[in-house]
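See the structures that follow.
Shared between the two complexes below is subunit A, which has subunit B as its partner in the first and subunit C in the second.
Then we have the complex of A and B:
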């Protein structure tokens, strides 16, 4: 009995000993109005999808994404990135009643995103998110190739599988080497995130049809991980901070590159399988006033909309609101105008 | 609700009038020095007002929304900078106000009146809470208005929104705990269904759940305040570890003793009628009725080493009760007795004697009928009785304290640590014990559900 207990104790102290505590809240730039600008600009960018003319909607969307990147470069410098967003939301809520300005500062981005998602649809993912935009633009390069492969049900050759296996093996060996030669540092987290990404790609290259849906549940897992870490005030580093986020995240460039490379193989791979915010936004989007509605009388089940969707959210016109990014490609692609964007204030709770 | 469309003349005239008064006041107040007429923000608002006026006149914007937006913009341009600290804050509040009007207008128009009323009342309450009760909470008022706009169209979402607002403002030191409790209560209340509409039962559910969660709050606060580090520190401390192990060991032993003697007794009480049965059943309740310290002293007066029986045990068998492990077990057995017997009795009562009779007719002897029929059928109830008895034995403080204060079981260790070093240092130990008990209890409840009973839905038994 004592042996087991002491073993458990060593494991506990080993598991938590090297994880650092966040010492104090990262302060915003004082008098920078970053939170007000964020609310204004994010709100504006989220409302735009309904206002822009339908003929050139996708161009407007790419322009919107460019603005999103500019805003988030400004905001991320004050550390409100995707991972930080969850942690800072928690911190901001705890500050209510003590430091109300600080509370607003931390809550502004997540609250704006959730509120606009509940009113105007989950347009953040398709129209604003900088990580999404990065993958979107990579997807523009490989679009034609990917569409063909998607129509064929994502076949991957044995050579592709072998290559993915090789990359995964190299990553695993590297991590083994690291774990033997040095302690675990949270700063290295993006290596681990990259490893997860590589393993996901490996599974998908092996059998995309089998693993596509089950792996999407990982999003909820990563949300829970980040939320739990923030509740225990452990630091979890964001893998998608594009390298410029913070000095103590030197490896994040690596994982950004890995996201870009993986997107070449599978479009929107980060949004599909790993994004922690996506599960929260999907929840808000399911309760949204604005939604893409199918007129089943006009729909001919031709499946064109399936083909244009980057995240495989549409099947013969029926949209899976858990997955939909509200990019409206399906609406624009439909030759029979069977899909339309509608506001319904009476829509029941999901 | 449907409003009547205004006459075409009014339709044309009103936006122009509004914009003209905006421009006129802009010039007049600018000359008077009340606003800066050439400030970028004010000029921007003037331009947006003009654009909106055009949109409304050409019927490209919703009439009501366009007018409301123009009015809000004019109001913010003319008096906003005197209420808000600066132009940008004023602009942000303007945007949030526009959002609120947008949502409120649609809620009034598309939904039954009660939703609109709830929206308006919520707005007033939020104003009262953030602007009048809290200081410097204007930015939070903005956030709250955004939340109201997003959730106002469904009572369920509105209730969740209010739960969060109340948790994070009024209940602030325990915000996360109360938020968690609220979000557990609300779905239960909203999903409650009855065959006939029953507001009394629903109100009872709401009140009962509120009461229950108020009682649960300390438990949650205690658990959520701990970090993995503090729990690891507790497990590293030898006294805490010894106390936990001692508690687990003695409680298990006490439960075993109770099982060996209590289950047959419960069976006998269930199947036999005899003189004084009521008295026996009443005596079972004595350990519940008397205070625990009294129980401890009573035990000590008989089994203490200076007392006749205690000294006899010591001399004949070398068995010390007080101040030693057997004393702990004895005290635990005493207090846990009714928690073993009562549920076990109920479990045996649930097995009809006619079934045993049938088994006997089919050739089983009395032992076989008990062992192969009654015992398996009562298994779930007996298991729950064991769990209850174990939990009671492990949690006993008073009686054990008088019998054996050292070595200390977990409740006594908590008491000692509290006496020695105070509240803050004791909390992690208490949290560990609490977590341990809760997890164990949960697991055992799950196990109990797997055990078949007479009324099992599987249908393998009658």
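Then we have the complex of A and C:
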């Protein structure tokens, strides 16, 4: 078993250790590694959700997600992952006045995301985030099964429980292997997030109706922990972190694989319960000029919009702004056009 | 009686011998960065905390690599840094012998040598001046301004000196705002170590350059220097004037200095570069012998140690790993991932009979590795993390050195928290990391599970 795991790790090391397509900044600022094109591209991706035509909007969204993955994973060298972005934002703020180019680089992406979320809604989650896109696409494999479970109110299912146990077993075996072959430090905290993810999946499979809403509060705790670690200068690795660092990082790979496996059982499980950025983006999104608005007169309470939402943010056409990823699937799925996107510059701050 | 006194005197002289032959930035051309202490006394753990307002950035001190010497049978370290000061530390008594302040940051290691019965420390400061100081007292023996002052001069960067073939070599680059980029010049200076007389000055590029490294190949003596822009040059220094022997253009930028094999008829010269190329060249001809690729930057020098009769190249990369490759053909012996980018040059030494490698990584630890297998023997926590305050390639990072002394073997390392650590490697040490304990890892996982369980009622209550 150990040999198999070692061979797998060697393969993964080769597969993930060197996946950057761009070796040099395509539009680097003189004397720095700051890549301007990346920042501009991410800004464009953040604005696209507001300007693409309603027709074939979901295709545009998938295209946007694909570009997001290419830019984040294959071009950006500095970690802008779910944890790294909080950390780098803090670093960027501390660099203002000292190294303004570095400050610009680290602040620009999180600031763009927060500002565009305030203007155009929390579209980063639904349109750009590589971790979100990864979960959405992987979730397609078990989408039909999960939709049936959702329609039935997530009853206890032996198949789901067996799958959750399988996820837990993979986590434990992998951890046993890694604990013998690799040195772990405080910074490799993504293993703890993976552990909690596994526990969440077990708990949800056991009783989704009971635990779904309470567990979503963990996102705030996750944000606080990552922000605290950032203040202490601890480099906490996150899922998909290895994509930014151009290194084989077993802790990050483990958490990435755990997110992938867990999302097969519970759709968008990372976004729902543990993503720290989700707290910040939801806060910014609540102040958004753009919002999805329900025309109660046109709504027939058919529940189609509920069914298409991966994060259970819609209940009979009513959008929960704290949970909405602004993917606009509900808007596009509504046969009665009861849901629409409206801009309201006079909307009071929440 | 006279005979007894004479014999005692001879023996004492042998025992309390002064040994100052740290002639290159990492001790020698191989870059092993280890000094053997033949008749060791005890070396205790010491955290030399230096309080200064002159910092690289707030909260971040930068030390250059130290140099070691044995003065009267006691190991003494010389270490400079961004605080502009050279510190002489008596490691056996944990005492500061002297400090000498220059007028700018010191970004390169000093070297030591003996001349006219005196042990001398040579240090190049970024105040464009080379200093020769008495190692015992810190008295300035001579100084030489290498680049004349001018109102248009910008940042200066001077390398470690090299004592080789009775001459002192030092390279440097001073940015001149009055000149176009193509007109900027980096120079190699050749001096007389006795009095600092400038013998020659050679133009070697138009940007930052690495430390010069001296070596012998095919019966001739050479010095090699790498430019930041990747041009590696070797000069034959047998005659009066250094003659360019060969050049080699590295594929990317270079931050470290070359390391050269010794004791073989056709030695290889090894140099790493940005984006992870590690290239070995024939040291006599500059012909490429082999090339290997890591997952990320090599931003410091490699070192070459002899392992069971075979020369082995050790190098740390920003892909978190330390590599051990056979010097002859570049075949990989092992690769050991650590917890962060390996930013230091490795030190190769004997740890109580076990060949070992010491590296510093951005996981805030010094790691001792078994040189045969790559297994991590011990890790030491060396202060607050700095990963968020530095950029790759912005600086030449100080690297650890080792005093090889059997059970008293110790590492010396200037950490970014302004502390210079002397850490016993073969004896208990307070900074020994516990994070790698398997039991500790599983206990922490248990604690997280427990905390999760305890959080659940709170989450439910607040909903």
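A few comments on the model shown:
One rule holds for everything that comes next: the second predicted complex is superposed on the first by the 273 of 350 C-alpha atoms of A that agree within 3 Å, B and C clash if a C-alpha of one lies under 4 Å from a C-alpha of the other, contacts with A are read in each partner's own complex, and residues count from 1 in each chain.
Here is the rule we use: a contact is a pair of C-beta atoms (placed from the backbone, for glycine too) under 8 Å apart; a residue touches a chain by one contact, two chains touch by 3 or more.
This one's a predicted model, so the numbers in the text were calculated from it and none came from an experiment.
Using the contact criterion defined above for the overlaid structures, shared-chain residue A:144 touches neither subunit B nor subunit C, since it reaches no partner. Using the contact criterion defined above for the overlaid structures, shared-chain residue A:289 touches subunit B, although it does not reach subunit C. Within the superposed three-chain model, A:118 lies in touch with subunit B and out of touch with subunit C [touch as defined at top]. Of the two partner chains, neither subunit B nor subunit C is touched by A:158. In the superposed model, A:180 lies in contact with subunit C only, and not with subunit B. In the superposition on chain A, A:346 makes contact with subunit B only, while subunit C stays out of contact range. Of the two partner chains, subunit C is the only one touched by A:191; subunit B is not.
With the contact threshold set out at the top, residues 33, 98, 233 of subunit A are in contact with subunit B in one structure and with subunit C in the other. Note for the complex: subunit A touches subunit C at residues 17-18, 23, 32-33, 87, 91, 98, 102, 175, 179-180, 182-188, 191-192, 195-196, 199, 203, 211, 213-215, 217-218, 221, 233-235, 246-250. Per the touch definition, subunit A reaches subunit B in the complex via residues 1-2, 5, 8-9, 12-13, 15-16, 33, 35-37, 39-40, 43, 93-94, 96-98, 100-101, 103-104, 107-108, 111-112, 114-115, 118-119, 232-233, 284, 287, 289, 343, 345-346, 348-349. Those residues of subunit C that touch subunit A in the shared complex are 57, 275-276, 295-296, 318-320, 337-341, 363-365, 376, 379, 384-389, 391-393, 433, 435-436, 438, 441-442, 444-445, 448-449, 452, 455-456, 459-460, 462-463.
For subunit B in complex with subunit A, the residues that touch the partner chain are 88-89, 91-92, 95-96, 99, 103, 106-107, 109-111, 134, 136-137, 139-140, 142-143, 146-147, 149-151, 153-154, 156-157, 168-169, 172, 175-176, 227-229, 231-232, 235-236, 241, 245.
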